[in-house]
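Before anything else, here is the set of structures, which you'll find just below.
Same chain, two partners: chain A is paired with chain B first, then with chain C.
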Partner chain A sequence: MIKRSELLKNLKVQMFYLDPVLVTQLAFPTLMLTLFLIAPIATVLLVSLNYNPADIFTDPTYVNFNPRGSPITIRLITFRGREFILIKISGVSLGIIMNSLVNSFIVTICASILGIVVAFVMARYSFPGRTILRVLAMTPLLVTPFINAFVIRKIFDWRDGIISWIIGDVLHLPYRIGIEDLAGVAITQIMTFFPIIYLNVYSSMINIDPSMEEQAENLGAKGLKLFRTVTLPLSLPGLAAGAAIVFIFSLEDVAAPIVFNEKRFMSYHILERFLEATTGQLSPVAATLSLILLILALAAFIGIKKYVTLKQYAMLSRGGRWSPRIRRLRLKGLIVVYLFILPLLLFAAFPQIGVFIYALAENWADPLPYGFTLEHMAKIVEDPLVFRAIVNSLTYSILAIILIVAIGVSSSYVIARARIPATDLLDILVTSPIALPGLVIAVGYFYFFTSIFRGTPLDPITFGPALLLSLAYSVRRLPFTARAVYAGLQQVHIALEEASLNLGASRLKTLVSIVIPLIGINILSGALISFVYCMSETSVGITLGGLKGVGEEHQAPISFIMMDYLERVGGPHIVASLGVLLISIQLLVIVLVNVVFKQKYAYIGV
Partner chain B sequence: MSRLGVGRLIFLAIIVIVLIGVSVVFIFMRPPPPLPEKKPEEKPPKVELNIISRHPTEILMKARELFKKSELAKKYNVVKINTIVIPPGLWRQYIEGGKADIAWGGGPTLFDYLYHEGLLAPLTSREVLEAIAQIPDEIAGMPMKRVGKDGKVYWVAAAIASFGFTVNHERLKDYNLPVPRSWRELASPIIGRPLVEYGEPALGIADPTMSTSNTRMYEIILQRYGWTEGWKILTLMAANAEVYSGSEAVRDGVIRGEIAVGITIDFYGYTAKLVNPECEYIIPRGETIVNGDPIALVKGARNPEAAQAFIAWVLTEGQKVWLDPSINRMPSNPKIFETPLGKNRTDLYEAYKITLKTKGMLFNDTLALMYERVMQWYFKATLVEVNDRLKEVWTKLLSLYFEGKIGESKFNEYVSILCAPLKFTDPLTGKEVEFTEEYAISICEKFEKDPTFKDKLISTWKKEAIEKYTYVLKQLEEY
Partner chain C sequence: MTRVTLKEVSKKFGKVVAVDKASIEVDHGEFFTLLGPSGCGKTTTLRIIAGFEIPDEGRVIFDEEDVTFKKPYERGCAMVFQNYALWPHMTVYDNVAYGLKIRKVPKEEIKKRVKEVLDLVGLTGLENRYPLQLSGGQQQRVALARALVIEPKVLLLDEPLSNLDAKLRLRMREEIRKIQRDLNITTIYVTHDQEEAMSISDRVAIMRRGRIVQVGRPSEIYMNPRNLFVATFIGRSTALRGSIEYIQGRRVKMRVNEKLTITGKLAEDYELSVGDKAIAIMHPEDFTLKVEGESNIIEGVVELTMFLGPFTQLRINVGDQNMIAYIDPEYEVKTGTRIRLAIKEEDVIIFPLIGWEEFEVETIT
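Here is the complex of A and B:
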């Protein structure tokens, strides 16, 4: 039993922390996240009660354990007067829910294998061209909604795709290869997401105490055994976090299913139902599917919670505290790197390179592009709809960043400094958006703000989605800034603040004059990373973003216009030009954060 | 003459000259007499027009750019035009909220709905009535104007369009397929052959819940062939097809050669031809209708005079918007082909003449509207969402048929089972019903207003469709 004096002592300690500034710093993020995260998601839960989940689980289009289609078909065909062996990889369908789940597993496993191999090579060996390989490995992380998937589809089309053209028409081999449907989506996601695993595993590997591996070597372990029994197990935190994030990203991705016209995914289904909602109704099925998506994503998040919450992240993010065990590659290793890893990374980076080709080529209907023009690039300024989308995205992102900095600094400070029980909950609340599918947030916002806030500026149908988009961005991209700020706070000794407080400065004065100037660079870096991800945000942008239609005064962000223009004649070139713009912004921020500010934050993951 | 006399004379001369000079100066330098007072010309107040539309933004932006240069824009001092492309479901809200002056594009079904709901205002200004007089009352038997009971015009066609399909000749050749000429041919085993040979559908269609033009084509087929036969054709078309999310995606599919044939509205076909000369638009003879794509003044418009001036402009001078090579639509006012610009577009004029001569069919717009929503979702539930299963059984059936393992009569027997309208338990009454036209009409209102009922029905249809396809597949596995 706790003694009365202890209780009083505890209360006194709590009261010390609960000064008006800290209370405000606790209340503000809590209120914002309750209103703009918890409440909309709770509404999804409420609406889904209108639909009997049994109807979904007994519907074979949603769950079906009897696979439809063949994963791979090989047939002899006559095409353009020649005989070919057509190899088509399409995948099998197990129903919408199972497809999403199985696809995410396959993507996570394949991306993990790829990511681990690349991370291991980069973390443990030195060889000529290592920097180039590192850049190539990071390239797929440059977010270019829709258009990178569009390029991947172009690579794998069996009729006029680049691979079939090289094999069949250049090398004159009697083969044509196509990857489409479910398999097309999977390959796109593997190529896009594997660097997330690479980055996280790499970060874990360079943090492994070298003495661990040395001891194992002294005990006789080497090669694969050393990797299997020491290196890989010690890299598991990075792998787990990266894999969970890839799993969630794959689950909620809509771009690849749209481009491959593959409707048998939960994300596509929710999107379709959402677009239909503009007729005034949003079917309860959308809510039920959103809920399933949410549960799956949350399950993955809980699995990695201890790696991604602020308190844990700060420990992992420093990176490279040891002098790394890097060896020179011998001939055999060099052959493997140059013959397998380099082509693989080049191939994975090709979609991003293809985005540039699409933007700058006059035409790319045939396997090879034709002509050079800057006209498509100029269109992003000349076309008022596209230009407005850029201005919109910039405006929403800047507004979101102001909120993100306010919420991020407040919440991180409370979590770092106040020793009160509520901080753990706030920590989860602040970091959870990294795992919450944007589609679920969009569906939740639609239900919540069109019903409870009907007729107010928050109602996206009456006033357009501008305000809601800024708010949704501020919630979704909050973890990036919160993490950077928290990491900064960890490096500022509390004694500096205590000294200030002891000398009579108020908490607010201490915060403004001591803490913020000391972590200014962290705030700036975090805000810039959040900004980049706001600019390229997709799920909320393509759903809520279209609610005010498309006109000169539209409120849609870049991602919505990219989706809209993808289906216009000549549109993909403009979409690619927007992709180039996004890539440029991302590169600028990476350089600023890493080279100028010398901050080392993992982009995605731990 | 005395010296004094001479001097006086000189003095007088000087005075005369000075007087004359002063007079001249006075005459020329004096301010002009005041002109009879003329009132400065009164410029009307600055006007901002709001247009809600289903047209692509290219059309709206081109129209705005050209209209701003027009005399009518100056006359009514129209300084700004806002165009908003929004889904039809939001139109009522925009009109009732006073956020729109003009509604433009989206097909006659939508405009008739607006008219019946009292959301349109009659066109009455002199300019617009003169412009309306230049538009034919009917083309290929379809009305180009909606005249109300009061004798006033409520909407008028600003463009016309027919429905058919766009083919990609290169891909047809690749797949060794003939050029189809009718809807029935799109549902034929021949168009299904690439499914068997390449595992690839040759046809492209769009999900009717996402495309009003494809919805109209399905309605045309249902009325041309009758309910039961119509559903047979629709089922086999879906079995032969890649189902896209929208009509633009179908057009792009044909242009890129993902499919060999795509069902499209005419101007998508003309655009496809300009982008890829291998493409051609085909009008199925006697199996299409020519729709007028309306423009109208909405009820409660804030600037009705200026809005009507804009409508008048669209119907006359503004018809040139359709001739733009990036737009390629058929004007409703043939006089535009008499202008220098119109004379340059001989291709469109030829297409226009063909459209005028189009042997259309009788089409009941009101009937189509009575079952539209239910038809769209029945199509989606039974042909789109379970398309993989439909395709699997159809491909199997075709393989057996092409291999000669089943004969014509057996083939037709299985096709009849596959395509028969579903029988299912109505979630409302608990009774077994068949999906007939009457049934579709009877539930349409509840279906639109009750999302839970709608979801229940969709789920039932999907299950029944799967059961039917599985049954046929099992039968075929015995061969």
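Here is the complex of A and C:
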């Protein structure tokens, strides 16, 4: 048994390191995250307990091992007076839960292969046009909810799609090709998400000590053997991180299923339950499906933990020469790059380019757009519903950023500096929203705040979702700022703070006059990145955001209006205009952070 | 002016014992150095005095006041950090004035005192520079000025010279010593450089594995190392191992091998009996080519010569062991020749070999 005096002394030691400022810095983030992250997610768990999981797993709507539909159908059709062989790729359905799972696996694997190939070419070879290819490869990362998927559908539509038009009307071949339904969703997600893998693997490859590969070559490995035995294994941390993120993003993606009108996914199913929830009741199926999403996401996250903590091993020795091995590409390689990689990247970047076309073209119902107009762009200010959504998103985002900075700076400081147990736990709590599907948070918020907080301003049914959206944004986008601040703190030697304390400054004075000025640029960069992703936030926005409907005084954010306008006449043009607005904000921030502040962050990654 | 007392201070980090029952007393205006190899706990001890760590056991006392649980900002001591810890977003002036601003000293007086202290450290005219625009030596002076300007009770210096080049290190060493003398501030200095410690300090505490093994004036420690560790850590030393053949009071004769015996004084606090394993510690500079008084004569074969400037270093094989000796560089020796050296009995200290891991002794040449 520990003696009482011993206990008192331990307490005295702990209290020495914990002054009021630090206690506040620890308590505030913990309280916020408990209330606005842990409690809602725990509620999802509680609600789903009411539902017998056997009901869901035996229902063929959810799990069905007899595939429905055929992956490819080929038939003869007469279309606009001509005969065509229609090749339609649509995929088979295995029930809602299995569809989500299988789709996410396929997307992750395909995106990984594409990402690795592009990363390897970019990281190891130089060739004319490399910079352009790098920009193209990053383009799909510009977030444009719904409308990029809409452009992809436009490419693969068998009636007025670009590919079928080229084959049928330009080349006059008797074929029309369409990718739709489940397959459409998969191809959209692959095109959208592969740059995440590319970026993570690329940065891993850049960080491989050149001497590692040189040593292998020195021992006789070359070409594919070298790649397989040294380069790829050393890039695994990046690949693992990227793949987990893609898996999670694919699971919770709602935009592609909505655009392809493919309801046989968990994410769409949860959304549908939400669209009925304006009455104040949310089907418990939403909770059960959320729980499954959560478990899958966490499994992916935990699965990669091993690799991500091993991050250092990609950069064993930092001594000596450190320039990544970049070689000139020979003719054979150049042909591969220009004939295969360039078209691929152009193709993947096309949706973002297509957003601009949609926004600026008079009409794009036919395979080709025609006319130029600024009318659609003007609509985002003129249409009161749309303009209000922009104002709403701005308001929520600014409010969220204030919270994010407060929580992010406090928690990162505690994690980086405080010598108390449980900082690891806080660290996990602060970074976990990266891996938590937004839909799960939305469902949790609904249950938690319509029950315990019924009638308070936090109740989205009575008062509307405004406050909850700001809070949800602040939790979901916290990791970007928290990680930037943490990175900044690691650059600030602790002696700089100790020198201040030593000269008689209190903890608060030291924080204000030494720490914050030194990490100001990190705070600002992190806040800007968080802001950008608040503005384009989708999954919470389209679920909670619509709970008060779309009236004159609506509280919906940009993403909800984008979803809502997608099916209206002329709507896609306005949605695209909003997409242009979001892309512009994102580009502005990227330039500010990278060029003006000279900060380097992986925008998406673990 | 403050007297600093540590009473049985211990500190563990997890399972690692950083400081083990360390007790020291530093007098008013004394220049006191904690000396030891890296990882011996000297910096932790200094940080305990500054208040960045609190000890698991023991007390820290300034004059009569127990400050063990006082926050760093309540202690009134000023520290110069190993990496200087100058704030990069503040000018030299703002860095130095910081402590005075905290103390709410009137603006005019801050100006006056900053100017004075910058004069003292020889940085007049650089007030508006930023730390990154200064050389290493200048940064070091700013760090010193920043600490001195608040007229601290105790000045703490954590390896302040380790980031400077050799020449600058020697000059700053003298300057620090002179300023400390002029201002008469109680100063506690941490270093792993034994020459630096010996030359700058009033008293030195030698630490090893968290413990203080010997405290004393530099010359005292050099002449009378209390144990084998101190003997080999302070100055350059060379050793020969053997067994005790004869004892007369504190005078002992040790047989090294069939042809060679060495007579020396038995180290203080130790006892030996005939037949015990022992080790004789000698300073290489104490060997001479002339025999004077009660001297040992050592004969051996020169294996290697190295010209080091003020002297030539020889590696001499005396049968089964090697030893190092310094001789006058004017005397030319070729490798492979036999040589006869003398060393006075009083310059040989003999320690028992028991209790010292063999590998540690092996590292002494």
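Please note the rule applied: the second predicted complex is superposed on the first by the 569 of 606 C-alpha atoms of A that agree within 3 Å, B and C clash if a C-alpha of one lies under 4 Å from a C-alpha of the other, contacts with A are read in each partner's own complex, and residues count from 1 in each chain.
Definition applied: a residue touches a chain if its C-beta (ideal position, glycine included) is under 8 Å from a C-beta of that chain, and two chains touch if they have at least 3 such contacts.
Note that the structure is a prediction, hence the values are computed from the model and not measured.
In the superposed model, A:Leu219 makes contact with neither chain B nor chain C. In the overlay built on the shared chain, the residue A:Asp59 is in contact with chain B alone; chain C does not reach it. In the superposed model, A:Ile74 lies in contact with neither chain B nor chain C. Of the two partner chains placed around the shared chain by superposition, chain C is the only one that A:Asp19 touches, whereas chain B remains out of contact. Residue contacts after overlaying the shared chain place A:Ala365 against chain B, while chain C stays out of touching range. Comparing chain B with chain C, more residues of chain A are touched by B.
Of the two partner chains, neither chain B nor chain C is touched by A:Leu374. Touch criterion not met for A:Val591: it reaches neither chain B nor chain C. In the superposition on chain A, the residues of chain A contacted by chain B and by chain C do not overlap at all. The touching residues of chain B, counted against chain A in their complex, run 52, 56-58, 60-61, 64, 82-90, 93, 97, 174, 197-199, 209-210, 242-246, 248-249, 251-252, 255-258, 271, 275-276, 326, 384-386, 388-389, 392, 451-452, 454-456, 459, 462-463, 466. Chain A contributes residues 12-13, 16, 19, 493, 495-496, 498-506, 509, 513-514, 517-518 to its touches with chain C in the complex.
Of all residues in chain C, those touching chain A in their complex are 50-52, 54, 56, 69, 71-74, 76-79, 81-83, 85-89, 98-99, 102-103, 146-147, 150. Put simply, chain A touches chain B in their complex at residues 50-51, 55, 59-61, 68-69, 73, 75, 77, 79-80, 86, 88, 90, 93, 157, 159-160, 258, 261, 263-264, 272, 275-276, 278-285, 365, 384-385, 461-462, 548-554, 567-570.
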